[in-house]
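Quick one: the structure is below, and I'll ask about it shortly.
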Amino acid sequence: MVLPTWNLSPDRFFDPDPTQRRLARMIYQSIADLPIVAPHGHVDPRVFADPNYSFGNPAEMIIIPDHYIFRMLYSQGVPLESVGVPRRDGGPVEQNPRRIWQIFADHFHLFRGTPTGIWLAAEFSEVFGIEEKLTSENAQDIYDQIQAKLNTPEFRPRALYERFNIEVLTTTDAATDTLEHHRRIQESDWRGDIRPTFRPDAVVNIDTEGWREHIERLAEVSGVNIHNYASYIQALEQRRAFFKQMGATATDHAALTAYTERLSRMEAEVIFQKALAGQADEQDARRFTAHMIMEMARMSIEDGLVMQFHVGSLRNHNRVIYERFGPDKGADIPVRSEFTRNLRPLLNAYGNDTRLRLILFALDESAYSRELAPLAGHYPALFLGPPWWFFDSIYGMIRYREMIHETAGLYNTVGFNDDTRAYPSIPVRHDVWRRVESNWLAGLVVRGVIDEEDAMDMARASAYELAKTAYRLDKRQN
Amino acid sequence: MVLPTWNLSPDRFFDPDPTQRRLARMIYQSIADLPIVAPHGHVDPRVFADPNYSFGNPAEMIIIPDHYIFRMLYSQGVPLESVGVPRRDGGPVEQNPRRIWQIFADHFHLFRGTPTGIWLAAEFSEVFGIEEKLTSENAQDIYDQIQAKLNTPEFRPRALYERFNIEVLTTTDAATDTLEHHRRIQESDWRGDIRPTFRPDAVVNIDTEGWREHIERLAEVSGVNIHNYASYIQALEQRRAFFKQMGATATDHAALTAYTERLSRMEAEVIFQKALAGQADEQDARRFTAHMIMEMARMSIEDGLVMQFHVGSLRNHNRVIYERFGPDKGADIPVRSEFTRNLRPLLNAYGNDTRLRLILFALDESAYSRELAPLAGHYPALFLGPPWWFFDSIYGMIRYREMIHETAGLYNTVGFNDDTRAYPSIPVRHDVWRRVESNWLAGLVVRGVIDEEDAMDMARASAYELAKTAYRLDKRQN
Amino acid sequence: MVLPTWNLSPDRFFDPDPTQRRLARMIYQSIADLPIVAPHGHVDPRVFADPNYSFGNPAEMIIIPDHYIFRMLYSQGVPLESVGVPRRDGGPVEQNPRRIWQIFADHFHLFRGTPTGIWLAAEFSEVFGIEEKLTSENAQDIYDQIQAKLNTPEFRPRALYERFNIEVLTTTDAATDTLEHHRRIQESDWRGDIRPTFRPDAVVNIDTEGWREHIERLAEVSGVNIHNYASYIQALEQRRAFFKQMGATATDHAALTAYTERLSRMEAEVIFQKALAGQADEQDARRFTAHMIMEMARMSIEDGLVMQFHVGSLRNHNRVIYERFGPDKGADIPVRSEFTRNLRPLLNAYGNDTRLRLILFALDESAYSRELAPLAGHYPALFLGPPWWFFDSIYGMIRYREMIHETAGLYNTVGFNDDTRAYPSIPVRHDVWRRVESNWLAGLVVRGVIDEEDAMDMARASAYELAKTAYRLDKRQN
């Protein structure tokens, strides 16, 4: 009996037309082996700080931390407890990784045709060298194969960094983070380039749970006595300087909407004091965030940190799941987003300044062609980040190109972000991007829109160069 | 002279690339002859209750009842009176079916490239065995051919049910319906499986024209004296039980928006009494519907009826047409729809309960990838209905797959609904779905996203199995 | 060394599949040489009034007046001053056309894959006979080649009109325009058909900068003493009659939203008097425009002028650019648009009247399938204009077809508009439309949706006939 295998086609994600496919393959071959530049992601720096860090068992590595995976199981009625997702109250959840793995295998058909399915196939096949498709029957056998690999030195994160041909990888770190892991990496003799990113949401969005504790922590790590708006700004500037000194080239900001508004010094002070007194309301929070996004743009102009802005996710939509399991459990749902009016105050203040690099990420594809591409095709400071989250997928990438490139061109975009916690999935995520790009450009060539010379240049820009220049990773700073 | 014919290609709706087409054909052949499961539609049960029911003449069968057809004629200046659409005031409209048919034939080019054009071609060719394309010249001859068929026993609805290989077909029935036709079908020796669906809009939406008369009728058929909110709920529960006993497995609800809100018992009572007194305002109606949608979800959990929710059509946009001809005249126009915030109260209350099956239908495609797929890819109770109404079309089906399947997967969708009043169009509507699905899956295979084994499984699920399981039609209940 | 050339493929913009491509080529060949009907655009009529008009130098002709081009340069940090865009204050900007041309050439890669890139390649290659691709190195040489052509009589606008095979071209003219250039053209012995279009935005939108001066001018040119709403309406009717007498068949209106509302005579008078007194506020302006759009529909029914309505551009988003360089500098950004509710008052009043022809243009593609196609597929008076502005592009045209044609059919659309100021780009813009249409129809044929006979008819309608009939250019009026 022939067992089904992953059987990854060397021409995967290319159109079937032979002419286009031949060209897509040629373009892809020219970029497939370029180093990986990963300018935005969520890998824990701890995995690089400890030279002997191990990912544990297959369930710990692949299932329990990955909300892309367990949300899909949950959507079909699999309780999160049964796949080991920890409860906030420490209550009992499945502890046996083999049982968790079996449930995952039993429901593996749910991932057919999804990006998660594609990433897993490549991880199993190319990272772990497993030939057979995962089924209920072979689940335990495959578990054993992965576990055996994880026990070897070749599967330590630093070793994989080399194998994955990563040139630089950035993490995402709270403004109050002391970057101890980054310091350990830098002080080691390992030559991997791991950089922090300054993410101040918890101290900027005054409606964050525990905001005042975050401010206390900010005062502590910055050494600034935060008693008013001015000292708060000073502490933030101190932290930005520290992050920059530790190798950061970028900041990252998230908000439900893209609303920006400049508060007067007085208004900012009043809201800040209300927040310190625990008396700020929802409207205060909305306006303060809108103002601080503008302040962050101002600081970016001054210190040169690239500014990322992620807009449009309504977090923790499912109260039951949030209360039992906490945030980031696959229950964040996008909402309609508006950019033209919301970003106007910021862009009128700073959008003509070529020192600013503002990279926008959106979850509302209807804004791609209507608002985002026209804005990026005009303002010098504005760039568009790659398709985000749910749209880090083949059709997500195709729609992004179809709806953005004609108006904004390629050069107002910034290449690819993998944006992932799942370290072993980094190569396949970049590979999907490179394959989709190659096929897209081949499609333009066979349709006579561009010529091969342009296509080869554009492919290299999209796969490698744009990310480096957009994130200022071409200028080594430490 | 060679007359133009319908000339339906055996490979229609497949991509032209030979590799993909070959595969699409193979997948299609494996599902083309599966029985039809029609879990949502608007065929009049009367056509099955009377064993000798006849569709009348070609104009009565094809044109006069089909707003898809006469709206297109009207959009190009053809008065509805001239194609026999009855006036509310009983005023004169064209009575001669041959003249109506001629107008239809004279404007047949308007349907080029539309789903209606596709359905008609297949009805003419495959149901009625007509070879020639309909033109102004051959209109009367084709009229004669169709009339001749309609006069034969083979074109009685029950005979067509067998010929169409329908396994089960559901109708849509008012909450106050006595289901007399269904009773006659069940009491007959005919073995067709025709089931009712509980549609309580007219008694739930308090701004419905004649709502109080509908409530009186509800009291009458339920035997419950409806004098307050509690007895109203009791009457609805009685009707649900009756429908279930008569074979229903589902309910259906329509609203302009997806807004849900839980009213207190007191609030619900106050609004209900205002409505009985004819004093409820628009805001009352909006909140009462929002509350009742939640109540219906609660009842579904209790009685196991699958809940369908159709959102986003602004009915009777054209006042002139509404006043002269009434509702359902092709003048219902979609509006932008919001789901993430609007459904949150319902989903927080019931969305984690695997006993609930809530199937959503939308007319705003921009919500597919932004809201609907992420919601369905998380909540166990939520499923997405097939592309609805204007989007029951080739490109509508393709966009649905491109924007939904990567995030929600296939298994949070429910296969196909034909949703039609036009009984003879049922086979071709299911056939279009099966062909588009086969081509879609073939496209994923030739692009290396899934393998053939997965494709064959998914095709069968999409064409047949998902509809049965989602609507609980796999468990015969009577 | 072989220099890179434009190398325009004869099969450009066609799908690569050989069967579809062969068919696309056949369809295209049947329409490629049809005359150009250009029913909406912004070419200055002066260029035809003067038989010896010259376009000046390459920078003056191609770069300085084209916001499609300089917005893209600006988005990548090129100051508008450096490419010669004139400042409002008359301050210094680059005067040397060769330096401007060099900057353009140095950034030519920005246009890869954009419609501007496609238009420029065809202009260079087919209009100016230049073989080499524009690069930094050959920039001055190509400048010389273009300049040499521009100096010849063959490149006078009237000569190009013949060479471009234009049958009729309309301009867009303020309601207060005396149409002197049109008069000169009509009085000349040149037989080109150049027609004005009545565009009253500046006198209709009371929040226009300098509205009262525009009203004074309106009074002057109409000979009507405008002292109240009635005389204002009378003046507008006078101008419409004048435009019609001068050959106009259409009017054009722009607004931020599609909002329509019928004011009472009294309300209109009150707002008009407030506006005359300089006391109208934003809400007044919004309601007055909404009312006047309805008035314009009423007048169109009376005088037979086709009504165009362009919705959804937020003008002058970038205050810095507006203050320094004025309007139309590539800083107009679309906003979300609503049509179903906003157009309801107008459509209920006039949408059933077949004497009205209202052609809608939108910048929010999410409304295509949701609102625009269902509206156009019902109301006899409503037609959809071609994809506008940013969407006058290959993928813009494809999405338009995919999202509109299944619901509205082809015959509720109006063919193509080039909508351009860039006269030498007119042939390529129509050619892109014809190629995309041919490929689209070929795709429907190879997928068995329509047959070849239908495809040939539809191609001719889309390329030529629909524009003539929709704009009533089939009935010569002078």
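Note that the chains are named A, B and C in the order they appear, and that numbering of residues resets to 1 at the start of each chain.
The working rule: a contact is a pair of C-beta atoms (placed from the backbone, for glycine too) under 8 Å apart; a residue touches a chain by one contact, two chains touch by 3 or more.
In this text the structure is predicted, and so the values were computed from the model without any measurement.
Of all residue numbers used where chain B meets chain C, under half belong to both copies. The two sides are thus made of different residues. Rounded to the nearest 5, the angle that brings the Cα atoms of chain A onto chain C is 120°.
Computed from the mean C-alpha positions, the centre of chain B lies at a distance of 40 Å from the centre of chain C.
Those residues of chain A in touch with two or more other chains are numbered 15, 17, 366.
Listed in rising order, the residues of chain A touching chain C in the complex are 15, 17, 19-20, 338, 340-341, 344, 347-348, 351-352, 354, 366, 369-371, 373-380, 382, 402-403, 405-412, 443-444, 446-451, 453-454, 457-458. Considering their complex, residues 4, 7-9, 11-17, 71-72, 74-77, 109-115, 117-118, 133, 314, 317-321, 330-336, 363-366, 390-391, 393-396, 399 of chain A touch chain B.
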